[in-house]
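Here subunit A shows up in two complexes: once beside subunit B, once beside subunit C.
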Partner chain A sequence: MSGPAAWCAALLDPDREVPPGLSTWNGSDPAQRFTVYRNNVTVSLMEALAETFPVCQAMVGAPHFRDLARAFVRRHPPRSPVLARYGHGFADFIAECTLAAPWPYLPDLARLELACLDALHAADAQPLDPDALAAALGRPETLPSLRLGLHPSLATLGSPYAVVSLWAAHQGDGPAPAVNPDRPEQAWVLRRGRAVLVLPMSGGDCRFVRALQVGATLGEATATAAAAASDEDADAAGGFDLTRCLAVLLREQVLTGIT
Partner chain B sequence: MNHITTAAALAIALGTAMTIAAAPTSAADTGAKEKCFGVALKGQNDCKAGPGTSCAGTSTKDYQGDAWKLVPAGSCEQTAAPKSPTGHGQLAAFKEKA
Partner chain C sequence: MNPRRDSLPWAAANTPGTHPGLPPRAGVGLKPAHVQAILEGAPDLGFFEVHAENYLVAGGPMHADLARIAKRYPLSIHGVGLSIGGADPLDPDHLHALRGLLDCYQPALFSEHLAWSTHGGVFWNDLLPVPYDRATLNRVCAHLDQVQETLGRRILLENPATYVEFADSTLSEAAFITELVARTGCGLLLDVNNAYVSCINHGRDVLAYLAALPLAQVGEVHLAGFHRDTDSSGDPLLIDSHGSAVDEAVWSLYAWTLARIGPQPTLIEWDNDLPVFDRLHAEARRADRLLMGLEAGLETAGDTARRISA
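What follows is the complex of A and B.
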């Protein structure tokens, strides 16, 4: 390793030699100055992670979170200059990291927090004109073959752990309610105006959205979600409520088009 | 094909959903917000745009008069703000009373 690669490796790894060829204007020790720079880089990235994953930090405590964040920063430095989007891959990293083993729900909690960040920065989109929907409703025979356009911020998330409740418990100023984490939960994450919303939904509701997102028609997506829901145990949160799904899509202005 | 995917079932679901979604909602439900100065605890002020931006969570004391938080529209001037001269949140930055 030489040149820029060696320089970058040394920037993230305190066990590496300071890159050769550094000089300082006043004759002070370049090794010491480089160490300061290395510390600033690492800490600024750790702080960015703490801002993106505040609930993860609250769940494990700041000292443990710093250990996780430092390990991630050194293994996975940013690939983009946009610091506000840093953190992709953090969930997969902590899923493999023995430091995080005491908190099995932590990877999915991180995925939820990252979904919120992605929703915040997703593109804007105009909501569907209600008249277009009324027109479609006037020709019910066309409904099964309709394709629904969805807001770019909409994402689904499911977990064998109660990460949606854990996340919600950390949003208010009041005391956090007790949450049993060993319970599957699912949510839709979306942005309305400037506010990111995390809406608890069923597994079937999430499958419905994912089918629509890959281009299924309304009829196909409904069949997919309903069939999968009926295959599961009734209490496995697999239920699918088409009316509720459509009402939420309309109320939160997530529908952006019909074709 | 599953019975629920028939055109009639979809029409009923969509019609019901449109009725539910069109029901009148309060300002809090519609997501209308206003900037409210003087009501945020330290480090809890809004304008969050993700890490690397400078303004969110930067207030250094509770109820700082030039730090704001988004609150449901209409609720700001009903919210207690201990350091505000009016005793409540304000829609513009203010000088905190001693």
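What follows is the complex of A and C.
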């Protein structure tokens, strides 16, 4: 192996010999100098992960997070020069990684943080024109057959763990309040203006948004969400609430169209 | 393929040193943490520069901020992920995404690196060195032709900071850069810190190195701080860390360079251990003083010449 292939093999594996054909002006050890590149690659990618997953890092502590990040970087180096996309795959990795076993909620917490990053960088879209909304509400009999356009930043997340509360506990400057992680939570993630919001919602509310996102009419999405909510053991948030969903969509300006 | 410089469509529109909109002033890298201070304080700066790959996202505050800055200041976009020195073909999707970004913001300049960062589909997030041999030179020239054609503009290529050399290199770095600039018509982004770092790391005479570069094709200068380490022989090994103030040795080289090439748009790069904006601006003001002092000096020289001729 020579050339860039030898470099690539050695960049992420400190036990591997450095690539052949390196020279130094003073006869110093090329392996020590090659370490600069190793460090640049590994440390910069670990730092990129730490920036994307600050709450995960806070929960497990910086040393443990470094171990997880280093393991991920070595196993799954990025495939794109756009590092905002790096980290997709981190949650699935830590779900399988024995290093993360003490924190069973960590994969879903990582999914929530990634949803926040995706919401931050999602495409811009104008909120629905109030006149169009008024016109639709003026013909209530047509409402069930309408399709709602949603802002590209809007995403849903559900977990058997209290990852929404864990996330919220780490948004202030002060010490994070204690959270019992062993209860299910769901949230909508969206961007309003410059800010990413994580709004606790019910599982039914999340199913409602997911149905709308795949093209269901308002009537179909309502039926899907209500049926699913009654199947579940009526979670603490009270199941599906159409009025609440519509109010939040309007308030946060993530309703972008009615057709 | 060795097209003559003046036959390239972008050569005429982008004569070195006269980039429309990018003045021979100091600029700084735009950091999200500084945007508010910049918009509120309206600092007197020549331009802002951003890393292209940070803006290859669909929307949100990154683009909102850059659009606001670009309305007030000239903009330079600096790519860190094209892997122009790579052995693999360039990533066409990435190249077209860059074209879209340039079409959107119409920056005065686009620059990239003499380095590779992608191989076998993996992005290594570092600027890795290339051997200076004929095969590599031909490949880099072909990549540069493709980049300039796809982007529809002349680009600047930055000289690298390196920590190892290749035993198989047959050309000096300066000869390599000189030839690729001549063959492709690209300009040179002269990173004075990289020049200093590489020359110290490889025992080269930095003034001889700079003098051997195609200085007439410099379209922008970069200045940054380095981190001091030592190699296994106890000689200095400088790391291009972008995490501190510009070193005095680099300021001296910068003044030496300006005396030869005249005032050029000059970027202060400070990407890690980011200081408050005022500290970054103070570095830019120092570069501006050298740029303006030089202009004053040139005027004086011109006046003298006119007096003598009159």
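Rule of thumb we're sticking to: the second predicted complex is superposed on the first by the 241 of 259 C-alpha atoms of A that agree within 3 Å, B and C clash if a C-alpha of one lies under 4 Å from a C-alpha of the other, contacts with A are read in each partner's own complex, and residues count from 1 in each chain.
The definition used in the following text is that contacts are C-beta pairs under 8 Å (C-beta built on N, C-alpha and C of every residue); 3 or more make two chains touch, one makes a residue touch a chain.
Computed from a predicted structure; not experimentally measured.
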item: Which superposed partner A:Pro30 touches (first subunit B, second subunit C, both, neither); value: second
item: Which of subunit B and subunit C A:Ala9 touches, first, second, both or neither; value: neither
item: Which superposed partner A:Leu120 touches (first subunit B, second subunit C, both, neither); value: both
item: Contacts of A:Leu83 with subunit B and subunit C, given as first, second, both or neither; value: both
item: Which superposed partner A:Arg191 touches (first subunit B, second subunit C, both, neither); value: second
item: Touched partner set for A:Thr52, first subunit B, second subunit C, both or neither; value: first
item: Touching both subunit C and subunit B, counted on subunit A across the two superposed complexes; value: 48, 82-84, 120-121, 194
item: Residues of subunit B that touch subunit A when the two form their complex; value: 1-2, 4-18, 20-22, 31, 33, 41, 44, 48-53, 57, 70
item: Of subunit C, residues touching subunit A in the complex; value: 53-54, 56-64, 80-83, 86-87, 91, 94, 97, 116-126, 128, 131, 163-168, 201-204, 229, 231-233, 235, 237, 239
item: Parts of subunit A lying in touch with subunit C, wherever the complex brings them together; value: 3-5, 7-8, 11, 21-30, 32-34, 36-37, 40-41, 44-45, 48, 77-84, 120-124, 152-153, 191, 194
item: Residue ranges of subunit A touching subunit B (in the complex, touch as defined); value: 47-52, 82-86, 117, 120-121, 130, 133-134, 136-137, 140-144, 173, 192-195, 218-220, 222-223, 226-227, 242-247, 249-251
